[in-house]
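A, B, C and D are the chain letters, set down in written order, and residue numbers restart from 1 in every chain.
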Amino acid sequence: MTLTRRSMLAASAAVPLTGLAAPALAQTGPIRIGMITTLSGPGAALGNDIRDGFNLVVKNASGRLGGLPVEVVIADDGLRPENGRAIAERMVRRDRIQVLTGIVFSNVMLAVAPVVLPAATYISANAGPSQLAGEGCNANYFNVAWQNDNLHEAVGQYVTQQNKQRAYILAPNYPAGRDALTGFKRFFKGEVIAEQYTRLDQLDYAAELAAIRNANPEAVYIFLPGGLGINFIKQYAAAGLRGRVPLYGPGFSFDQDVLPAVGEDALGCFNSSQWALDLPVPANRQFVDTFEREYGRLPSLYASQGYDAALLIGSAIAATRGRVGDRAAFAAALKRADFQSVRGQFRFGNNNHPIQTIYMREVVKDERGRIVNRTIGTAFQDHQDAYASQCKLA
Amino acid sequence: MDSLLLLEQTLNGLTLGVMLFLMAAGLTLIFGVMDVINLAHGSLYMLGAFAGATVTARTGSFALGVLAGVAASALIALLLELTLIRRLYARDHLDQVLVTYAVILIANESVKIVWGPQPIFLGTPEALAGSVEIIPGVPYPAYRLAIIGAGILAAAFLWWLIARTRLGMLIRAGTTHRAIVQALGVNIQVLFALVFAIGGALAGLAGMMAGPLLAVQVGMGEQILILTFVVVVVGGLGSVRGAMAGALLVGLVDTLSRAVLPTVLRGMMEPSAADQVAANLGAVAVYLLMALILAIRPQGLFPRHA
Amino acid sequence: MREPAPWHVRRGWIAARLGLVALLVAPFVLTALDRGYLLPVMTRMLAYGLAAAALDFVLGYGGLVSFGHGAFLGTGAYVTGVLLHHAGQRTPVLRWPVEIGGSADALVAFPAAAITAGALAFLIGAVSLRTRGVHFIMITLAFAQMVYFLVLAIPEYGGTDGLMLPARNNLLDLPLDGDQPIYWLALALLVGFLLVARRVMEARFGLALRGARQNERRMLALGYPVYRIRLLAFTISGAAAGVAGAVLANQAAFVSPDLLSWQRSGELIMMVILGGQGTLFGPVLGAFALLLLEEELSAVTEHWMLVLGPILLLCVLFFRRGLWGQVSGAPAHG
Amino acid sequence: MAEPLLRAERLSKRFGALAAVADVSLDLVTGECHAVIGPNGAGKSTLLALLAGEIMPDSGSVVFDGDDVTRARPSRRALAGLGRTFQITQLCREFSARRNVMLAVQSRVGTPFHFLRRADSLATLAARADAALVTAGLAERAQVPAGLLSHGEQRQLELAVAMAMRPRALLLDEPTAGLGPAETAEMAARLAALKGRVAMLLVEHDMDTVFRLADRITVLAEGRVIASGAPEMIRADTAVREAYLGEVVDA
């Protein structure tokens, strides 16, 4: 019951009451979109960026998505599945919200899915647990970011290409953490000398670092989102391991939510992402510019995902003229993915998960002295997740 | 597990032990002298860390941050004593639990309002950023060594304070013969307020030192508070020596069991399951230790004389 | 010859009956008003009311400040959840020393929840009750924390992610689906516990328990086995809290380790104190008030804890009788 | 002399450096009143606590009714028939006077593990409780919470509670503590009325009461027995006069 919640009415407040509303508007007032996300604790920065990315789209369109006024109702799950579930119940049952998004962490996602999916449509802007990509896929569940394994698969392949034989891999013990190391191992051909799982709220890695030094691997792979990564990378350097054993990770461990806090300790680390700050796509340039102008910081991949989620929802609202309650039609519209993703090419596979390009990036210092990622190549082209074949959706 | 790794894990256990000692020393003094159970001790730890982190961010000096953290926690502790805790001396322990629990709720929410829900990641101070080779080939983070050093200094200071000063004499007398202290005509209210402030200062120091290792965030106080309770119970309520012994014991058992258990369990199950079992059984080990000690010595390792 | 009931007792009974009537008509009224979504909230209130009354059994009447009742609540929920989980998976709960299968039957799950939580309370109580005062508070807290980590250590039951249940229990072959059946079950369990607990407190066992709170030395000198009386009360209380957990597991079709957390234990104490300790009805009222406060305040401000904290503080410092005391005019510890 | 009902053999108890009770032996035979006197801090209350089982001796033994109860818990000794009053009144302050007596009446009848039957529903037990209240002169105050009774009434209730459990031996820790002269006389009369019905080990400061009631007197000083015998003998004992009675005489 240490629940915190934030009702964000800012978006709706900006709606001018002009007569431009679509004539076929099924409901009175703005379309409400529920955003359950993580805004407190070590994962707070992730939810923060998803929210800001999403809101940026709404704000740029003066409180509208797909031409219709929307209200984004935001709640903090505190990275606790039980909280997420209670909020989802409230949003779906009491507030009768039919479109939801925002969940960061897969354990929260899995707890929320059975509550939301029978009654509403969910568009994931981050969490992509394997359970919802394979047999458990759902016509009303879309993931606009990735399936959990994807970015890890890319690094697994990259580390193999770098001819590293012995890898020490580490992730938090929750669904996405297990997916992460599964994904890495799927494409890593060398020997995994240790597969370490830590608590999702763990911030002190002294014991693991001692074990890493003792194991003396050729590569260390970490999936530690948000604050977890900040602490790990700093402690990795403090323990004298930086420069001795190269550190790899998915974009989650090395993006703009982490890099400013970590600083130079992250320089030279390689990581994967479906998006990058420097992607030469017009939509991306506009996104990065407006985001930086609006919030005074560089966007992270989470922000890009929140931004794309809003664009995707907007495209479906426009296509269905706001009839989000017609779930079949709304889902069909979502599946067309008729929007300009900041990643460039983007489409959904049969399981409503992306088929997309995954890039490799390196942490560098840019010309203004900021620690950022530079795209150095492509790991996968048109990559689809490993579970799609188990999904019965067409 | 080879001996070098064991040494390193032992040092890690000592770091945790030092933090726990700083917390437990204050808590046990407050209990010993005033017979008050203070759940909000974790909040003082958190507030010290936030105040210190803010000053560090403003001035760029970690040392100033530590000073600010200690001062802020001492001050808040003093305020707490003057406004609330003072009313509780004559009340039963249930009331003390509830009021200080309410203080936790208020402190957590206030911090959320002032600093936001996101954690602050405090960098290690420049001078202590690297590592020191404790044995050739085994580098160990300098900052952690500094924590252990600071803990030893704090323990020495406490020993001096309690064994060598008039205030310490009153504290010692207060934990065993409360009536005598009152009969001596000592201003008991001033003594209580001072003890509370000292406890707060120690908690603030612990919070600020933990900042760079963990994260300065809402709820950080409660995580350490419960372990601190175990330390205090194991050591014996009211005994600073007991707090020292209990803190080191709990710190070592916690860290070492977490370090050893995964390797033991890995042979039996898949890695994610083994790590889940190990991490949590490691935590259970501490409570088992407590149960064991209480079964043998119900009053803890260093009981007060009745 | 019975001691005549004082006015506040009669006033209390009137209030309790009115409350019962309100709870009996609530599902119909809420459905008629199209507020059916509130029913699950009310079911949770009833379950927490049961848990708080169970805590009051030892806290208010026995003077035993248990800071670990969340462990019993959570254990009841997990027992129910685990049985359902294995029933869904068609795998045994235990293979050794005896094979125990899963079960979706409420007549298995609820007693199992009560017995397991009661047994746990017996074990924790057996050690904790050898201590007094602050020791007791801290040790019950620590043991509850141990249970928390023990449950987290079992990979099959989801760890920190919690345990998703495939369905609710069946009662006499009827599934407890929908909002109403589980509401009625929760209400029946709560009323049943309150009626029995009221009687127990006037019976020899209850008087001995209450006497030991007021003066342990005198009770010992009279030959009362205070330790055994307290241990049994603690066990009963744990079992009842376990039943409350079983209701919660059914209501949410999800079991979270949060139920076992120390915050939950703290909230249960808060409910008892807000409602009025040593009154049984008070803690139920306290549970309703606290959950209502959460529901309403959290809709207004995300910082509702900043309201709750001072309320609790003022209650403890100045408002000792609790809500029930206001309703019935009775002092706490009647 | 018959086999004593209660016998303490060479009891010793130290608190840190202080020998509170040192090598004390004494006994109590059925029906007698045995007074224990001595200056403050002589170890009288500690001795009673040892006999009642509230604290455990470092050495020595306690035998009650032929059974070695040295390690037995207080509740077991009480159930065997060893009652006790306290120097500071020990009552259930929120319960009425009647309920306090009821608890005592019930303690040795059956077990407290009855859950559904009302405690005051057994007529025979209730009658016994009411009779005890009448004896104690508290019939009018039966429904008043014990904590609200006057100090004198509480002392009477304390005795009534101890007697209501029908003990065979009664440990009385300063029954007249804090009472005025009239109340003290009343208490002494009530104790005198009990003489013969229950064996009493009486710790008392009021010498009039002691010499009025005691069949035997044992004198403690600094934890040790310095004299023991018939009242006349104690009165005549020079060591006692110097150590203790002398002060009283001079005062």
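List of remarks:
The rule is simple: a contact is a pair of C-beta atoms (placed from the backbone, for glycine too) under 8 Å apart; a residue touches a chain by one contact, two chains touch by 3 or more.
The structure presented is a predicted model; accordingly, all values stated were derived computationally and were not measured.
Listing every chain that touches subunit B and subunit D alike gives C. Pairs A-C and C-D differ in how many C-beta pairs touch across them, and the larger number is found at C-D.
For subunit D, the chain with the farthest CA centroid is A. Per-chain CA centroids place subunit A at a distance of 39 Å from subunit C. Averaging Cα coordinates per chain places subunit C and subunit D 43 Å apart. Distance between chain centres (mean CA atoms), subunit A to subunit D: 77 Å. Note on chain placement: the centre of subunit A and the centre of subunit B lie 37 Å apart, centres being C-alpha means. Within subunit C, the positions touching two or more other chains are listed as 159, 263, 303, 305.
Listed for subunit D are no residues, as none touches two or more other chains. The set of subunit B residues touching two or more other chains comprises 108, 112, 272, 276, 279. Subunit C makes touch with subunit D in their complex at residues 1-3, 196, 199-200, 202-208, 210-211, 214-215, 217-226, 229, 232, 333.
Residues of subunit C touching subunit B in their complex: 59, 65, 67, 127, 130-131, 133-135, 137-139, 141-143, 145-146, 149-150, 152-155, 159, 262-263, 266, 269-270, 273, 303, 305-306, 308-310, 312-313, 316-317. Interface of subunit B with subunit C (complex): residues 31, 37, 84, 87, 93-95, 97-99, 101-106, 108-110, 112-113, 222, 226, 229-230, 232-233, 237, 269, 272-273, 276-277, 279-281, 283-284, 287-288, 290-291, 294-295, 298. Within the complex formed with subunit C, the subunit A residues making contact are 1-7, 76, 80-82, 85, 89, 93-94, 107, 110-111, 114, 173-175, 199-201. Subunit D contributes residues 52, 54, 73-79, 83-84, 86, 90-96, 98-99, 102-104, 106-108, 110-121, 126, 130, 143, 161-162, 165 to its touches with subunit C in the complex.
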